[in-house]
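One chain, chain A, appears in both complexes that follow, with chain B as partner in the first and chain C in the second.
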Partner chain A sequence: MMDLLAQAAPTDNSPFWSGANGSNALWIGILVAFLLGVGLIFLLIQAPVRARRTIVAFFTFISGGFYVLYYFWPQTIDRQKMDLPRTPLEGVSFWLEDAMPVVSQLTNILAGFLLGLGIYSLWRVHGRKVIKMQKDWIFSFVLLASSILMVVVGYMDWATKQGPDGPKLSEHANWHTINYARDFLFEGFLQQMDAAMFSIIAFFILSAAYRAFRIRSVEATVLLATALIVMLSLMGAVTNAWQGAINHINPSPDAFVQNFSLDTIRSWLTNSVQTPSIRGIDFGIGIGSLAMGLRLWLSLERTGS
Partner chain B sequence: MSQAPRSLGDKLQSLPKPALYIVLIILTSIPLFAKVSIPNRPAKASIDFYNLVKNLSADKPILIQTDWTTSTRGESAGEFKSLMRMLMHKHVKFCIYSAGDPQAPQVARDYIDIVNQERKDHGDTPYVGWSDYVVAGYFPSAEAISNSITNNFRTAFQDKKDKNLQGTPTPIFESPVLSNVNKVSDFSAMLIVTGSNTSNVAIERIKHVPLAMMVTGVMGPETQVYYDSGQLKGLVTGLKGLYDMETQMVKDPDFSKEKSLDQGAAYYPTLHIALVLMILAVIIGNVGMFISKRRAA
Partner chain C sequence: MGAQYLDTGWVGPIFTLLLVAYVLFNIRRAERAGKTGKEVYIRRIAGLNAIDEAVGRATEMGRPVIMVPGLPDFVDAIVVQAMNIFSYVSRIAARFSNPILICCYNASVFTVAQEMIRDVYQQEGAIERYDQDSVRFISDRQFAFAAGVSGLILREQAAATFFLGNFYAESLILAETANSVGAIQVASSTQNTQTPFFIAACDYVLIGDEFYAASAYLTRQPVLVGSLVGQDWAKITVIATVLFGMIANSVQLRGTTTTEKAAAVSDTVTEDRVGTFVTIPERPKTINDTFMHEMLNPIPRIIKYHTDKTDTAPATYERPQKPAPPVPLDAVAPGGTQ
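This part shows the complex of A and B:
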């Protein structure tokens, strides 16, 4: 069985929590971190509701404040390893730069926890449904069975690949049953169903275009004409035939008629209409996100409390 | 009371869904049985992407963020394969990671194996994991890792491991691919192959390295903005972009030995048929509406 906690030997650049593989320091570190985490969560649960809000608001402000400082504080330019800050302002810049990898790592770990939280929530909801035999419980059962099977088979496959036969397993001829099982479940099942699910969109798009795309107003007509030009310009056979017809009228690249090639019209639509529109939308989204971010950072959002 | 017979206009406006679906299935299946070669004029964005990859030096590695899985394989798999063919032909070493989907690193490995098998079949030396490329795995937070890459690449990837030539998980900076890389500017380019909006996250945060992207048709319009502004050095969009890449490879004597026409050439006729069918469906619906309106008037 694989050592689940196996990791590279610590180097000079390793963070302080990187203990040597299998060492007591590593185990003690894990135990302390676990107890500390559980303790903090327990304390947070035990705290009065008002205090809980203040604690969460405090940590939200500190966390958000780091990124606000990082983006708005002057950044170092071409900083070398042995450089020292000359002013307090530079000192903060150096500190922010050094702290960013640690904060990013922490963010990645928190995002990893979100994955775990999602899986826990999924299992809890569907597990309850199966136990209570609620409506459509069989689908929930299939979901749970599939996920457990994938986890078990995936782990066993991974374990064989980490073992002494690992390097040989790049060749199909050397595969064990568990490797075939993983291949069947992941490549043969999950990936194919994933692709099939996505391909269904083609049917919806066709059906929706047929039913909804009607010339009922000037705006709808403009939209339809634009969509038609873009669709036609995606078809190499059509653009070539169209270009041939235009060249037949006047093959000179400077001729006025060349402005009516599908590629030219499409470029004009893309550069002069689509790009500015999307920039405008992005600008609006940006301002909205900024306002939302400020509200979250300053804990002005009271929903869900 | 018997219902009045439906007019032609009404009938044209309410074709049954199953009929539409069956026609779509039958027509889009035709290219599976008949190979059709379609002429093509590559878009400028695709030409720029192609030239960027073609002119990469074998002396410096590149960084690839791959965030696609098989849900968008119709476009992304072909884009990824054409990129791999070019990089392997040019002997450019690369480091792959994902910030969009936990499945993505495995999917990338699978497609690297497919292109490697092609090389073996042609009698070329296959690309070897660890000495020619490394897979740094998955990062759950795209925002955090993008910030970190710009800030300090070495620290951002310091805990990542891949199997060395003996099959032992080893820190990736010990591999020949990343041995000379300290910061993101030590890469000659960063390429992103994605089916989601991780492209936006990257463009907002990655600095100090030329960026280029291969995106799906859906992500095309919003990514085009960054190409137009010059933030992206090249952009391959959807199936058309993929076919652009393949047709450029076909015409390029440098890639005469490579398998140039693949997924793009195979699926491009299907795209034609699907688009023609959609245009026809829209026309039929509108003709029906006009007939009904005229009758009512």
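This part shows the complex of A and C:
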């Protein structure tokens, strides 16, 4: 068992989890994984509902168990490519470390499959709107046309960069029309629209702050006072004037009144009030997600009921 | 563990196992209590009480309820939790034939949401009212998603919105847009930085672990309620640890010390003494000398590697006895031990 978990020999070749490009081992691995995947889907389709739950619970447990083992098992540091495991414990450590990138990529592979379903949904909703000329169909048409345009232009731009002129395209002078088109659509349009949406937040902050800081209750008043102190403490002129007034009362650094400088009050608010509160909330969230993860891992969670 | 392994100390794993034990024990306890008809008390959470009110209002106005399960990269525990709450909302909406709309940022969340909503309608015996387009994939770009959802809120004139999950900079865009159409808003973000924005703009906000308590509060399933009690036990343990640390540090920091834990190789500390206590001239104790600091900050052993590849090491490795220095990893001969 431990021989399997240990590395066979200190070579430059990739370990068990990832065969070298074009190697037989890689192709066999892909084929076996594909057949296992198809077999599993077939099994899930054929199995009765109760058995399906068991199968899903089994695979959930195995998948979660990998991460639990990875977390609890001693991890290597500064492992070199040619290193050999010397003990069974190290063999497992090396095996887990090699497996981690492959296992974590499984999520990406699944997401890749599911992206197609997402795009299908998007097209179905907006395609129907365009065909039936429903209200605001023109926006749906713009969405569909833009998505096609971006895919086509993006692909053609990529293709020219892979071609013989690819290395020259790092300079603008050598760009083809398609490269300009991609630049215009992506950098000139998409990125700018993203930035525009982001900048809207500034206006929303203003309107939300106006509502939040109105003195309606004790809590809102405390919020207003706190925010005011923090904001004023960041204004150099105000801080300076306030400090001048404090020094006028008693300039000694050890004087009690020095505790009321804006910087000191701000530090007290952030370090003694804000940070502990956030840490408390963080503890709650951490424990909550741990409990949730545990329920999912052990298939104790029953959704939709 | 040998020198080549990262020593994270025993506190983390033991503490994690303790919390796991709390949760599992209480789930078992709640299941037993459930069989005898006893119910565990859960304090009132205003944001969750508002769900019925929000959906009822939407029904009266004939306008949809919009739900957003955050902007996750994949289906994680936070998404599942948000979906649990959304399934409850959808169930009420299905009973009242109220239109719903779930906006997804991620394709995998979209498929999960679609299955879940279909199940809910089926369980409610209203599968004919299930609209396939009620779950929509909007975009997997943050601000394109924000623009898409904002557009839907404005066009559909949503009567109620539920923003539950992982939200980032777009939180205020969504909340303010929904506010502008007069929607009742229930929100929660597991990102602490976004919670103040939701508090400023929304009617009800689930703060921190209230989000995880939601499904237990709504469904009262023994498994979920037991888990919630386990979480409370865990929080009590955390609070007790913090209080103990506070008192222990306060007491310890009053004294002086003549020993110190060696953190690095120096003129007086050899490699094998790193991590052990060495004698020093008397000085006041600092935070690094306290019991709590030592417990939470195990010092990893200092490792030195031989760069000379011609170094011949024994073919079989034996754990060296102190104070002999550890054998370097790369000194093991090729084709050596298995």
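Basically, the second predicted complex is superposed on the first by the 170 of 305 C-alpha atoms of A that agree within 3 Å, B and C clash if a C-alpha of one lies under 4 Å from a C-alpha of the other, contacts with A are read in each partner's own complex, and residues count from 1 in each chain.
We take it that a residue touches a chain if its C-beta (ideal position, glycine included) is under 8 Å from a C-beta of that chain, and two chains touch if they have at least 3 such contacts.
Quick caveat: nothing in here was measured; it's all calculated off a predicted structure.
Quick check on the superposed pair: does A:Asn240 touch chain B, chain C, both, or neither? Answer first, second, both or neither.
Only chain B; A:Asn240 stays clear of chain C.
Check whether A:Gln134 is in contact with chain B, with chain C, with both or with neither, and answer first, second, both or neither.
neither
Considering only touches as defined above, state whether A:Asp194 meets chain B (first), chain C (second), both or neither.
both
Just checking: does A:Asp282 make contact with chain B only, chain C only, both, or neither of them? Give me first, second, both or neither.
Both partners, chain B and chain C.
Name the contact category of A:Asn259: first (chain B only), second (chain C only), both, or neither.
Neither: A:Asn259 stays clear of chain B and chain C.
Could you look at A:Met231 and tell me whether it touches chain B, chain C, both or neither (first, second, both, neither)?
In the superposition, A:Met231 contacts chain B only.
Is A:Ala111 touching the first partner chain B, the second partner chain C, both, or neither of them?
So A:Ala111 meets both chain B and chain C here.
If you stack the two complexes on chain A, which partner ends up touching A:Val125: first (chain B), second (chain C), both, or neither?
In the superposed model, A:Val125 contacts chain C only, not chain B.
Regarding the shared-chain residue A:Arg214, is it in contact with chain B (first), chain C (second), both, or neither?
Touch partner of A:Arg214: chain B, not chain C.
State which residues of chain A lie in both footprints, the one left by chain B and the one left by chain C.
6, 107, 110-111, 114-115, 194, 197-198, 205, 207, 209, 211, 278, 282
In the complex of these two chains, what residues of chain C are touching chain A?
Listed in rising order, the residues of chain C that touch chain A are 1, 4-6, 13, 16, 19-20, 23-24, 27, 74, 77-78, 80-81, 83-84, 87, 104, 106-108, 110-111, 114, 116, 119-120, 123, 132-133, 135-138, 140-144, 146-147, 151, 155, 169-170, 172-173, 175-176, 190, 192, 195, 197, 199-201, 207-209, 211-213, 219, 221, 223-224, 227-228, 230-231, 234-235, 238, 300, 303, 305, 317, 329-330, 332, 334-338.
Provide the residue numbers of chain A that touch chain C in the complex, in ascending order.
Result: residues 3, 6, 9-10, 71-72, 74-80, 82-87, 93, 107, 110-111, 114-119, 121-122, 124-125, 136, 139, 190, 193-194, 197-198, 200-201, 204-205, 207-209, 211-212, 278, 280-285, 287-296, 300-305 of chain A touch chain C.
Show which residues of chain A lie in contact with chain B when the two form their complex.
Of all residues in chain A, those touching chain B are 6-8, 13-14, 18, 70, 97, 100-101, 103-105, 107-108, 110-112, 114-115, 162, 166-167, 170, 186-187, 191-192, 194-195, 197-199, 202-203, 205-207, 209-211, 213-216, 224, 228, 231-232, 234-240, 243, 263, 270-271, 274-275, 278-279, 282.
So in the complex, which bits of chain B are touching chain A?
Residues in contact with chain A: 15, 17, 20-21, 24, 28, 38-41, 43, 69-74, 102-103, 106-107, 110, 113, 139-141, 143-145, 147-148, 151-152, 154-156, 158-159, 161, 163, 166-167, 169-171, 221-222, 224-225, 228, 240, 243, 268, 271-272, 274-279, 281-282, 284-286, 289.
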